[in-house]
Amino acid sequence: MPSKHKEELSFTSEVRVRFSECDPLGIVWHGNYIQFFEDAREAFGRHHGISYLDQKANNYSTPIVSSKCEHKLPLAYGDIARVKATYIDSAAAKMIFKYEIMNPQGEIVCTGETVQVFVELGGELSLTLPDFFRKWKIKVGLLDE
Amino acid sequence: MPSKHKEELSFTSEVRVRFSECDPLGIVWHGNYIQFFEDAREAFGRHHGISYLDQKANNYSTPIVSSKCEHKLPLAYGDIARVKATYIDSAAAKMIFKYEIMNPQGEIVCTGETVQVFVELGGELSLTLPDFFRKWKIKVGLLDE
Amino acid sequence: MPSKHKEELSFTSEVRVRFSECDPLGIVWHGNYIQFFEDAREAFGRHHGISYLDQKANNYSTPIVSSKCEHKLPLAYGDIARVKATYIDSAAAKMIFKYEIMNPQGEIVCTGETVQVFVELGGELSLTLPDFFRKWKIKVGLLDE
Amino acid sequence: MPSKHKEELSFTSEVRVRFSECDPLGIVWHGNYIQFFEDAREAFGRHHGISYLDQKANNYSTPIVSSKCEHKLPLAYGDIARVKATYIDSAAAKMIFKYEIMNPQGEIVCTGETVQVFVELGGELSLTLPDFFRKWKIKVGLLDE
């Protein structure tokens, strides 16, 4: 029987560059892209029905263990950028997201990746996929029941 | 019997302006001064023996209920500013601090004020001075025993 | 001839509270409200046709010279707050805004005020209303021609 | 003739974790580590005599084109962390830094890397080492004259 697994699940949201996010060179300070990634990941979660608050309700937190960011072009104050967050499927007890930020001209200004793990409220790292997350993967077609 | 009350208790600390704290005009973005005030208040607390962690150990938090900031001159990247935090004594169950930020030339660039209240860990506003704070005021000479 | 002056001009925008804007107490760190005020002021400007970039195109900057913030209730991660920015008319060469932030239940969590002045690109404080701003006040009905 | 090239040049500075840098989980929000890296890089620059302001005086900016961050352990409010920034020598017209952040117990909480390029004030990417930077490398013993 053929699997219904999708290869990727993504969501694109917008971010309007704030004055205070730009530095004396007039461009977004590089550290602020990590916030843009988080904003995009949260927008993904709201769209696809898996949020930080769901995690919390299930007694898990999902700390970032790794993040990467490659800058190709700058963004300036007032730019409305589009941020695409793509969930990268994996059998491991991890959440991997890739990001692409596009400027108003549609050029890629930045790419990135974050990796999150599942930690139980007591502080224990989960080595297997938590049940609530397995259910979500089934719901969105990334896992067969 | 003469009181030993001091009129004010203050502490001056330094802050080095970060690149990311400056905006496209090349000066510190105004919202960052609130952080400079907090840094100065914490340095005051470390110097005079009353810290956020003491408050927490005594089951209190001390949320800011009001803040004010008046800007007279800008600060730029790399400037080492001096921030004077002064505790303004009051009979009320409040902590009031005034701030003066000076640039490397000794000019006042910014003045401000914050007011904090005492909230018990359950969330109840304290209408009287918490015991740990009364003891601190006695220790630093702001209250007679 | 009756004046067409309005008493106030306002605009209400939304802000979704970010995880990173909340502190260890689980509520928005007080310094972040200054950013919410700026976001609301900019949304006001886009709606009413007067923006930072207009100012810049006319060779002016409009630094904040004073800000105030009164906190009544906390906001938490995920809250969608409404921020009303109201332009307070004045004959002086200043821009005064008042702010009201409401939580999802419609309660006022925070009020504030900012005052901005007009500075010419050379750095000179403008003692009279710049021409572009006078034109804007006429356009929105705050000044007769 | 033996080269005097050192294998690495590093500097360790301290960072005191601010209340506002911690999130509702009570730990430093991951995006703030990028700031800690920048603080450490600037402290390195002050110690070893190569600063952002030198770059600017020589009509160059040095934007970050890539950053990475691996998180192993959390940091909490009040922790005094040590951040070691190491300049990784390279023949290319780049500045590569590696970072190690240690908690008060001496455990590594975070490692990272940033890559910067040299951009002339007109906006042109420099494909060769700028003269002021070559001189610095000679001065600190990373290049023979």
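First chain written, first letter: the chains are A, B, C and D, and each begins at residue 1.
Methods note: a residue touches a chain if its C-beta (ideal position, glycine included) is under 8 Å from a C-beta of that chain, and two chains touch if they have at least 3 such contacts.
Since we're looking at a predicted model, the values are computed, not measured.
Residue-numbered contact pairs of A-C overlap by over half with those of B-D, the repeat interface among A-B, B-C or B-D.
For the interfaces A-D and B-D, the C-beta contact count is higher for A-D. Greatest Cα centroid separation from subunit A: this falls to B.
If you lay the C-alpha trace of subunit B over that of subunit C, the rotation comes to 180 degrees, to the nearest 5. Averaged C-alpha coordinates give centres for subunit A and subunit D that are 26 Å from one another.
Centroid to centroid, with C-alpha atoms defining each point, subunit C and subunit D lie 37 Å apart.
Our note on geometry: subunit B versus subunit D, Cα centroid distance of 31 Å, whole angstroms. Touching two or more other chains at once are residues 19-20, 25, 31, 35, 38, 77 of subunit C.
Every residue of subunit D that touches subunit A in the complex is listed here, in rising order: 25, 27, 30-32, 34-35, 38, 61, 63-72, 74.
Across the complex, subunit B is touched by residues 18-20, 35, 38-39, 42, 52-53, 77-78 of subunit D. Residues 19-20, 22-26, 29, 31, 77 of subunit C touch subunit D in their complex.
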